[in-house]
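Presented below are the structures under discussion, each in the form of structure tokens.
Across the two complexes that follow, subunit A remains constant while its partner is subunit B and subsequently subunit C.
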Partner chain A sequence: MADPGAECENHLQRHLANPFLVLELVPNASRDELERQGAKLLALLAAGVGGAASYSTPLGLRERTSEMVRAALAELRDPARRLLHEWWSRGLAGQLPAAAPRRSPLPE
Partner chain B sequence: MHVGIDLGTTNSVLATFDGDTMTVVPNAQGEVLTPSVVRIDGRGSELVGRRAFRFLETDPGNTRGEFKRLMGTEERLRFEASGRSFLPEELSAKVLASLLADAEAVLGYRPAAAVVSTPALFELPQNHATMKAGQLAGLAEVTLIPEPIASAIAAGWRVEAEGVWLVYDLGGGTLDVSLLETRDGWLRVVDHGGDNFLGGKDFDNALTDWAAARLAAETGLPPLSRTNPSHRRPLSKLKAACEQAKIDLSRLERTSIVCAEVFSDPQGNPVDADLPVTRADLEGLVLPLVERSLDVCRSVLEKNRLGPDAVGRVVFVGGPTLMPALRQRVGGLFGGRVAEGIDPMTIVARGAALYAATVGLAARPAAPAAPTGLVVRMEHPAVMADTEPFVVGRFLPERGEELPVRVRIAREDGGFESGDVEVSGEGAFVVQVRLERHRQNRFRLSAWGARGREVELRSPELAIVHGVSIADPPLARSVGVARSDNTVLVYFEKGTPLPARRTAIHKTVQRVPAGSAEDALAIPVIQGEFSRAHLNRLIGSLKIEGGRLKRNLPAGSRVEVTLQLDRSGQLHARADLPEAGESFEDVVHVLVPTASPEVLEKELEATQQRVAEVRRRGFSSGRPALVRTMKGAADLLAEARAGLEAARGGDADAAARVHRLLLDLDGALDQTETELDWPTLESEAGDEIENALSWISAHGTPAEQQLCESALAGVAEARQNRDAAALDREVRVLRSLRHAAFVRDPQSVFLVFDWYQGRAAEATDPRQAQALIEQGRKIAKKGDQAALRQVNRQLDELFPGSAADRRRSFGSGVR
Partner chain C sequence: MVLIIPVGPILWALVWIYRGLRGKGSVSGAAPTASTGFRMTASLGHVLLFISVYLPLALGMTILVHDATDSVPLTWLAFIAAVLALGPGPRWLAWRVLGPLGFSALGRVCLWLAPFGLLETFRGNRAFFASAYGGKPGRESRTASWWLLFAAALDGEAQGSPRQAEQLLEMLDPETAGRLPWRLRGQGIELLAWPAIERAAWEEAGRRLAPGHGRGVRLLRRLATVHGGQAPQSAVLWLLWLLAPERRRTLPLVRSALKPAERAPGPAERPGPRRIPATGEDNVFHRHLGLLSAAAAGQPVRPAKVQALADRWEAELGGDAQLRLMIRGAELGVADVQAVVAAWPRSIESELEDLAEAAEGPWPEPRRRESLAAQVRRHRLDRLFAAVQAEVEPFRGHGFNDFPRKLDTPLAEVERWLQFRRSLRRLLESEAEALPTAWHNGLRLAACNWPVFLLRTYGPDAHWACREMSRWCEGLARQMGDAEIAKLSHGNARIA
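Let's turn to the complex of A and B:
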């Protein structure tokens, strides 16, 4: 059988890479908001703007890469997969300690 | 300027896109198609393209074509007179270099970056070989794009229509059928299917075999056979004449296959061919192949639960699709909804050039920067469906240069101005701009310092084309790591956009002594959709060798495995051993196997036995669906047997084809076996549901209980559709929920210990397991849960899966 400790850690890592967290969007964000936010984050990362390289999770800041943004966009473009992530996103918000409020480091 | 290249099996094309227009670059002969053919004579002189093609029939020993079919293999192609031999990617590099030289003649500079197209069904080693070909040709930057995406981009980038598209791409050697969707201006690949060994060449072969039979009937001589090495040259001549006749029959009702001195009769007299052939003859010959291609279309549609009516437009790509009967037959399936006015020969290169613009891949080598002005780096999509995209910029001041405090972006036509936007402390800004639809929009950035003075900028212009946005190329098959218990940890699911990167945690299942050359730990990387590792294909294996370790690596050590797939599908693997403080990094590099005819024969025998076994099981279960699969298997076996004969005659291409057919057959047999196993799968699912419900209802959180309900609904749907993969997926969800609920039960630690007690003999070290069990019994009597949990953990490391499982999981050394 798979190692239970490793399995748990891998599950946790997956949940902390929830596309809504990565893109800093609420679960009811529209398709347009999703695309625009994705394109903006990709541009910020490409320009090397410091604040774009991390995002808030219930367990603290995590590194954000352009691969993660692209993967998050692809996941949320698929309606069936999006539903699952919406579910987890709401579940995460309900079950884990609330994220420390963070002032957005991104330029407005 | 952006460059796209269609590196084809038969012909290659280079196109450019200047932000407004796509142009196909002609070669030195003024033709847009450059044959993918290389010739090297006895003096070592090289010819590429049309001039080489002329020697293909008269001097096949020194002229090579169709090497794309062998990309990613170790097959070295020999040029007899010079005694030199090359890998397929080295020959592809010569074709690419020829195209780049043609582009240089037109553009005035040699392109330094380009997008190169590959068939959608190319696997990682084939993509890797294509990248390497680009680099060998002198391209500093190469990006790959699946051919159907390139076609759809070229056909639809200025089309407002939304809906489902089907790209039917029949090249010289491969068929790709892709289902795409345009929604909200976004183009994405929904799914694709294909046949790596069905192409125009098979049409030519069918006509050549027919012509050889007719020639034999007319002359009374034995027919030319592909299994006979001495017939290679005359067959090559006859095939060239057949290709010409096939092209003629695209516009004529009848023509003749004309070829002088095909071969000599036993008396040494030359035998000429002049065989009348009609369009109906050709259609009759290729109809089974066209039907085979339609089966691929139907299968892709069925997989996505769509009917032909759902397809809004069909795009034809590739020379063979010019055949009227094919267009009629395939178009007929979709009610004649065919995209017109598109050149199927150059559409892929055009789309690749457009894609180069979307990923910002400029062909011109970097020019020396202007001497003055503040450097600003601007990031924005080059082509975008959104009419109000963001432009992100960052100033990079040198010592003494002033950082601007505000910026403004204005469109050159005066139709838009952003207003003032503040620059952040690190010199960054984000401006939302507005685009004119379906045209190139040019903008200019202006910046001002703290005292209101305008700051001179080094490159303040930018351009964004409004058109279709393209989703990143998706991964064709899931990629994961095989674990020692024959399960799979999926890193990237099918459809994951590339590039992608993921790190996951594993534990080692065996001790690796430092300095030991014999001991190694394998981390097999596999590709496929099955949850049992051995049913998938091994594409690479990361090896942690004892010889490279500085200290012993005990069993149960933590391994952090990172897999990174670039946009072109090249896979980098890295294993970090945090406890040992060491890292092992490698590019996973697996070749498409090039089996010898002897090995292929053994594989064929094994497959035949497997077919017989599955058939026996099929008969005993009396399942109509299985009878159909068995019929298909028999056809494929017959085709493989015929191919094997040609492989024995020295046709390396035929050997690769047989190998692929056998792999396809294996895949089909896997599915049939899954179908046969359905009652067992259902019964196992029933057991899991019962088990999961009892634990989740007793110890699950409300969220887990809701997820359980959702998984149960999924199980019901999977059962209704008899979808084994979906059932497997939902059962896995239930299993993980059950596990979460189970560990909440205070008694679970004792139950786990009981499980180990009953299986001591199955441990990797039964003596150690027995000692731990003795120790555990004493602790259990005292009811010390924490101590028993520790014992369980130690026991767990001794149960990494059975020896048989480990063998089947490609010898995986991790769990």
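Let's turn to the complex of A and C:
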């Protein structure tokens, strides 16, 4: 049986590396905006500008690298993957309409 | 010349020499119902060192005191003091002074020079000392013992994996903890708790300290409760600190416990698990990340929280959300958008299943049996049942001679058995009625025969493992009312 802690860590890392978080763009950003922002971040990272080396997530600041920026751009070029990243990004930003929870009685 | 013959130590030495000789010749491949006499192997080198060096040294010191004072009580006192200084003295020096101060090489030398009765204890001390304070472990890979399990737990912690420590704690119920060697029940448990204390995970530290015993454990346990929120009683805390070992290390903890403003940061403030800003607390996405973060950091995740999260997701993944996703997918030009959207809830469910896997504690069946929470719970039970059955299966219909699995070293088998035992415990916590099914489905054979096969494969190296595994099996058999297995396992535990 796989280590559940490690599996959860993998899921967490994937969510925190959401391309919209990495690129610091809103989920409905256009293709051009994505590419421009990607190029800008790559240039800033190459120049060693301190502010570009980190980005905000719901769990605090995280390190940003050129590889992450390139991976984020590649992910968002695939429409199917972009769709899911958009949905998570909207959810984390609280931009999705809230659904009324259907509760099961909780265990004691 | 003093006319006091130290009958006790001499008898003790003779007994250990006898045990050592018997231990070396003890039988491998023992039948599960046949007694094979003494199983412990004396550390003959140490016994000889004690007889030829330490005892004459103690006697010499005693003679000197007697000649100087001519008092029988003082002479006895001197003899006892000398034996204590030369007996437990070097061990105390190694474990409580040299190790904690960072002089691990000197500590190891002290352990070599300390008189040990049993070879297993000597090797175990060396291995555990190396794991705790550095140095080459010199571990006997074939054997299994409490010492080596503790050493493996510390090694795991050093590598950032609490798995071995969790497995060890799984084994330490109050009855079993009573059988721990004295050093392990005190300092061993302290060392196991320190990584949690250093992370300021006080709840976890308290859990690890529970089976412990001794002055150090008492102080750390009290500190865990105070840092956990209980009002401190400063006089009691200072007294416990005064009585405890390693006062220099614990002083800052006592001070911070007595000054709430200076207390170590609580779980909310320390780096792991990371905390989500309060504004989005009620958002299901944030809750999801929060639980993933807790599980990834090895924090306890309660089934009730996973169930509540699953309920929230069930509402979130409803028809409206799917419709919105389909529309947005069409805008983005997603090929086969229906398939993409249809597969999407499964990814959430898969993450919930991993969270459920990390959850600890009873999880009764939700009232809505077709809910997402119920599905996640069922999947968890299926995985646990499969994990138990995977270990049971090789024992079904197979004896020792045609056993299909190659048994690993006793230590590796004990670690594997602990994982099996943990899976069974977690399964039964949520589905107590699974025990009779599992028991009659081969669990009784696996629980009873596993230690016996191990003993027959490895002989004396597996004695400790066989004893502990058989004791557990006996308890389970009694719970099931299976007199035959209980009797067999009782016998096996006595043999080993």
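Rule of thumb we're sticking to: the second predicted complex is superposed on the first by the 93 of 108 C-alpha atoms of A that agree within 3 Å, B and C clash if a C-alpha of one lies under 4 Å from a C-alpha of the other, contacts with A are read in each partner's own complex, and residues count from 1 in each chain.
One rule holds in what follows: contacts are C-beta pairs under 8 Å (C-beta built on N, C-alpha and C of every residue); 3 or more make two chains touch, one makes a residue touch a chain.
Since this is a predicted model, take the numbers as computed values, not measurements.
Novice: Of the partners subunit B and subunit C, which touch A:47 in the superposed model: first, second, both, neither?
Specialist: Only subunit B is touched by A:47; subunit C is not.
Novice: Just subunit B (first), just subunit C (second), both, or neither: which does A:35 touch?
Specialist: A:35 sits against subunit B, while subunit C stays out of touch.
Novice: Using the superposition on chain A described above, determine whether A:80 touches subunit B (first), subunit C (second), both, or neither.
Specialist: Only subunit C; A:80 stays clear of subunit B.
Novice: Touch check for A:58: first (subunit B), second (subunit C), both, or neither?
Specialist: After superposing on A, A:58 lies in contact with subunit C but is clear of subunit B.
Novice: Just subunit B (first), just subunit C (second), both, or neither: which does A:9 touch?
Specialist: A:9 contacts both subunit B and subunit C.
Novice: Which partner does A:70 contact after superposing on A: first (subunit B), second (subunit C), both, neither?
Specialist: Touch partner of A:70: subunit B, not subunit C.
Novice: Residues on subunit A in contact with subunit B in one complex and with subunit C in the other?
Specialist: 1, 3-6, 9, 11, 87, 91, 94, 106-108
Novice: Using the touch definition up top, name the residues of subunit C that touch subunit A in the complex.
Specialist: 161, 163, 274-277, 279-280, 283-286, 288-289, 291-293, 295-298, 303-304, 307-308, 311-312, 314-316, 318, 320-321, 325, 328-329, 332-335, 337, 340, 344, 347, 351, 354-355, 357-358, 362-364, 366-368, 371, 373-374, 383, 387, 419, 423
Novice: Show me the residue ranges of subunit A that touch subunit C in the complex, using the header's touch definition.
Specialist: On the subunit A side, the touching residues are 1, 3-9, 11-12, 15-16, 58-60, 79-80, 82-84, 86-88, 91-92, 94, 96-97, 99-108.
Novice: Show which residues of subunit A lie in contact with subunit B when the two form their complex.
Specialist: 1-6, 9-11, 13, 31-32, 35-36, 39-40, 42-44, 46-50, 65-68, 70-71, 73-74, 77-78, 87, 91, 94-95, 106-108
Novice: Would you mind writing out the residues of subunit B in touch with subunit A in their complex?
Specialist: 184, 186, 188, 377-381, 384-386, 388-394, 422-424, 426, 428-430, 469, 471-472, 474, 483, 485, 487, 489, 495-497, 499-501, 503-507, 558, 701, 703, 707, 710, 736, 739, 796, 799, 801, 815
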